[in-house]
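Shared between the two complexes below is chain A, which pairs with chain B and chain C, respectively.
This part shows the complex of A and B:
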């Protein structure tokens, strides 16, 4: 019976700037179904955090309810975690971020947790541009409750039992774009070459970063008439802008001809270097992004890659002018500045 | 790269490092698994089938398997494979009813086996069940060869040796003991259908230096001295003994001298400590008995003054490597005199064949060694075969056993008109799925974190007082089970069926050792460089699948795979399976 992964690791395993191997970013052994896309998303996140040399205790992972939302147990075992109520992860993340801006917040949600029960919370956390990375592991089905159709399942596709899906799918990246997200991407759990750089860029982006990850459910949604199966997604994926992530400290050596690539500079000095795919568009143009997603959908393709990014827009902390210092480290003197400060405030109202 | 051909056993055979390194290809993980199940007799028979002398080898094997053990690459120290073999031998029950049946009606073919050591005994073991009539010619009164004469009984008790030698002799082998063979022609004239020469390397190399003659019996050849001890001719050693040489025989000399009363025993070698020929553990065992090892000393002369033997003079040297060749360069310091009463020379030994007439059609090379077909061990005379140290010079017991198997197979094919002596079979193998349930395998898939267990030994005083007392006590059951659990079961192979793979990459994510990769194809060097952890600097074959749906291929670096089975447990489609690869180099019917 193997519920443990051996602690032995490859003797030549690479170490990051902190002297950690990627194994130090792993969590418990997954109890999700064998072959679940969510485990691959977790592995990509582990790889991204390892490559960014993030200190595990500087990351907080939050989730709601569902297969996607139990996934955080299986990655970043040394980070902070909060498994919240169904669809209510955004409000807990908001509270946490208000109290402590110094952590990186990673929200792990699913299609039910975001596009159904959590739709209201999702809409508002996007609108407020909370500084977090919000991942939806999107498989178009409710796996934890044995295979009911999710709101992101495509109209005209069929459930495992053969029922046709009557309703149009909610396209989460389009919603995120309309509601004001400043970083929007879509990827596929089976393509880590694309997913890992996107996650790294999202983690370095200051503002609301949304990644919709098509993450097939092997048990309930991997049949021939599904549009979320490994085979279907792999055949219909169309990579738009291909993103390379260049950390701030790394010298840029690769050169591309004029017009072929575009650099987006993030707040921390790192770069997203984009190479235009065959239908490339300007990824800082929100209308072009929405248009491109829709154009591909009509053609029966799934557009992936970095869909939109604008690092110049303000996030929630900028709007609210919150303190950089985590609340738990504010001392009494700062919190209670005394009569003199109170008098000043009162005077301002006179 | 082309996909790995898994229908050819060579890929999986190499993955089982220990078995591949064993000259006789003993199915090591299989017998360790049986120990873990406390099936000692079964474990013993798996060994006996492959290596004929499990009780002997479980004590004194050179263990080429252990440096090959994967455990050494993923943890620190190899599984104590050799000493687990002894556990099987020590705890076995009666085996008589499991031994092959010897036909009463013989096939009419007579085989002469010259020399009664491990090589000849193995040939007899393999041929007797097939109906051959075997005759062993042995100089001494008992069979066993160097296992009896050169290995001290405190390492290998006579009861162990006798019982395993007797199993072979009791198959009905004709014994012509206590008589030197002085003429090959005479043997040939007796009309044997085939002759196997397994006479070992019985001549110890002398060290001719100034003062040798004057030193007289203060200088002896190590293996002759050890044989003298075995046969009771030598019962005492003087106080101070110097052993020249750094091999295993040298170590045996030092430890035997300690038991015969020597108090200051020094093994003095030309090489550096790390380059000594002896196995590391044999050096450690000697040092544990207060034997001093002095490296980097080249002997200059035996010192005899006024007719009195004083000792040996040495030059101090440094090892210098030039174009892969070792050179010992004098440090220029003054020579050192090491005073002693007895010098044992253990600097090597040779096979020699003064009894084989050179006009019989048996060719010898410039070094006096027989010219052989390496695959069949047949000499230039079609009826004559060689094996053991007599074939290519001194090796070890397990190599002699391996030669015995090869020669027996060759002799059998040679004497069967419908078979071709040169058609050497590769051996038989089977691949069997170990799957019992979702998280359940019929082998121990969980990886033990236990460090290597040390074999308990007798206290030093007691050990030195009795030359026949076996110094190693062997693992008790608790230690044996802990040690057996350390085996990674490398024979349980990760078998990949590409046509079932949906490329969810769950196996790539779960693999604790980062062995599995899904990448675009390329040539081998290119693939090796593009793995999650590049497989550069290990010469192990990589396991490559055919093209998958996404046009990528699966590449597995077999080097550090733990055979934990997680890839197969994580696979939703059964594209990975854990299958036991049981490879047998010898075919013998054992119940």
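This part shows the complex of A and C:
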């Protein structure tokens, strides 16, 4: 296993609009287990940011605690990051966004960090429609504490030690839909073709974009009786749609017959072009999305793809009426009302 | 029967039922006396309830300027609540007065021979004068204020002026209110011997001071201090801090061009999220704060450890109330000191500052943002329910317009170009405080990963013992630097050479002038020192060193400040004598002076060896 990351790269490596290669979006060498799904999620994020030509330093990555939350160290090394406390990343991301609305915020969390200790904060960050991309690397198990079950693990499935999981699973995309998320997707860390366009669309979406990524744990949850193993997920994944991400600057050339595809236009002018899967439904219909997730679950399938998107709804700053200028750039000239304003205030207390 | 004879030196208590609109009438009474130039200190003693429970409003009127709570009962009680009538009769000082609603006859068993009963058929008057049931209730309060104007010889025009101010914009309400005042005034004039032996006389002891509560002042301090991000969760008695911040921001912080807000307030789902929001804002370079009380401090403790260790500037206003647990949520205490000073697991030390007056709430809250960014750590402004929720006569608010915010050690893009190397936790200046950057500053330089795990000078994760210890030692050095930046203690020297010192802080200050006078009357000239900050300044150590006996006055059971002094300054416990009042009511000069005198009588200072 390597312990040093090579800085060498091919001189003809592809460059994006900023003249950066994908290596400019990488982070430190991962210390996660070899084959961990989370590293694939990180790699997909690197590719998405590279392809979108995001300025790395204009992205802020935040996380809680756990294997998933360690992952931000291993991508976007030229972005500020904040590894906060367990289950509380959403509040820190909220404050960060309130302070500076001009950055892109990427939250990296896990099933324990979001569906257990952080359930309250997750629910409320969805409600306030914080403009961020919130990724849950979902493996149904507590990795960093060595193999305890997570709240997203399927009832009736078994742990590596053979214990049956007794409690109902929490479906995070359903929750996000019920609480008002304006972009909800599910994907699989092993399906980069699906994950990268979804991440790109999420990053361009203005509002709360949630992606639940099934990201198997090779060490503690990859056994035959698990429903979060690579094999099980591969066999049970059902794509509701295939999403292509079309940047705003690109001419749309491909043509599909009516009914086969649907375009959703995002705030920045880019498009998500969706090709329906076999059980396709309208991903602008929130009720249909919740219904489809549940129908597939009953059949033992895991519905993936872009589950729901509404680019017309407003985000937290719209609700708050915050000024466009990042608050952290305002100085005393703007912020301090000065001594003269105190005369009237003093008089109101006499 | 002996009567109390007093001009401008008495306590009046209003006994009401909460939810009946008495607060604004009682406030009007206090303000009228204040406008007559006589110092007042009103205190609301209220239940954790919205409607139907007994509530009291004590107004101490003191020409001498004694603004602490007075021990004992009241000289005049206005009894409007049958539920608390038995206790209310008992709470009148001998020779005092008991004004009550005589519409229903008072239980003869309640009568006392040593006080004067003033029966006034307030409900009957209202029934006669008003048709609307709500008005019948509300105007009862205004009627007794009118009666008091006659009984205490108050300036009736001042009251009329207050009504005009209160209903500015709703002029229709002025004349019915003035009418109610007159009903009470005329009844008293006709039926009682006015004025009483206790009365008010115009004076000039108020000057340009104002009557304001600490939470409003702290909220304004956050506006003036440049706070732009607030996360909060409602909890008595801190709620009105952020409410006032938002109210004044909506007035003073709207961008004139766009009409948009130069601030952002988020009511969070709980206190954990409230402090998380403030920390996120602070990390990202905005002046950020939250306000809470004891139970909120307990919940915020994990995050406070992160902010201490990851070195995030954030301001927390703790309006303390009586604990533990839910305790007495509407009573005052100074009992979060240790919980805040050492908030969070592991070796943590937090910075505390202690305002004593609303004016200090204003200035110290504004200053707290400078301290937070300079020291890169949480700053906790330790007020309490008495300071936060009651009006106090306080110096008028002022602001030095030449002042600029101290944003601390932050490198911008150009500075990053110029520095040879950047390490987030490199102690370049040797004061323990390192240079930081805001996210998004520079494409290549000054980028780092913030974490609650141990890290080296370059913000890289480490589990090497020596790296960890080096960082912890630097944090200690930073804490020592903080002691020099923070406000110095205020010395109250009676006479040089006194062997006895008294240490106090926060709202206890209100009782100290009176305490010193009471002690002096007993031949004890003691030195006082008001603490303003933790970590303690060198001057605190010196003061304790210079006195043989040091009384530490505080409003909690366990003498938490004494413990902090002992622990942080290695002081012999025998030298520090605790003076603790923790019944939930503000401490009194009587209690402090009696406790000190009793102790001196038993163990004179000369017998205590120098520590």
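As a convention for this text, the second predicted complex is superposed on the first by the 331 of 350 C-alpha atoms of A that agree within 3 Å, B and C clash if a C-alpha of one lies under 4 Å from a C-alpha of the other, contacts with A are read in each partner's own complex, and residues count from 1 in each chain.
Operating definition for what follows: a contact is a pair of C-beta atoms (placed from the backbone, for glycine too) under 8 Å apart; a residue touches a chain by one contact, two chains touch by 3 or more.
Note that the coordinates shown come from a computational prediction; the quantities given were computed from them, not determined experimentally.
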Query = Is A:288 in contact with chain B, with chain C, with both, or with neither (first, second, both, neither)?
reply = neither
Ask   = Between chain B and chain C, which makes contact with more of the residues in chain A?
value = C
Ask   = Between chain B (first) and chain C (second), which does A:313 come into contact with in this model arrangement: first, second, both, or neither?
value = neither
Message = With both complexes superposed on chain A, which partner does A:346 reach: first (chain B), second (chain C), both or neither?
response = second
Message = Between chain B and chain C, whom does A:103 touch in the aligned arrangement: first, second, both, or neither?
response = second
Inquiry  = Looking at A:11 after the superposition, I want to know if it touches chain B, chain C, both of them or none. Which is it: first, second, both, neither?
reply    = first
Request  = Once the structures are superposed on A, label A:80 by its partner contacts, choosing first (chain B), second (chain C), both or neither.
outcome  = second
Request  = Could you pull out which chain C residues touch chain A in their complex?
outcome  = 34-35, 208, 210-212, 220, 223-224, 226, 228-229, 231, 248, 252-253, 255, 258, 260-266, 268-270, 272-286, 288, 302-303, 306, 310, 396-401, 403-405, 437-444, 447-453, 461
Note = Listed in rising order, chain A residues that touch chain C in their complex are 55-58, 60, 62, 72-73, 77-85, 88, 90-100, 102-103, 120-121, 123-124, 128, 317, 320-324, 327-328, 330-332, 334-339, 341-342, 345-346, 349-350
Inquiry  = Residue numbers of chain B touching chain A in their complex, please.
reply    = 73-75, 438-440, 445-447, 449, 502-506, 508-510, 512-515, 533-534, 549-550, 560, 562, 564-566, 569-573
Remark   = In the complex, the residues of chain A that touch chain B are 1-14, 23, 29-30, 33-37, 39-40, 42-43, 189-190, 192, 216, 218-219, 222, 230-231, 234
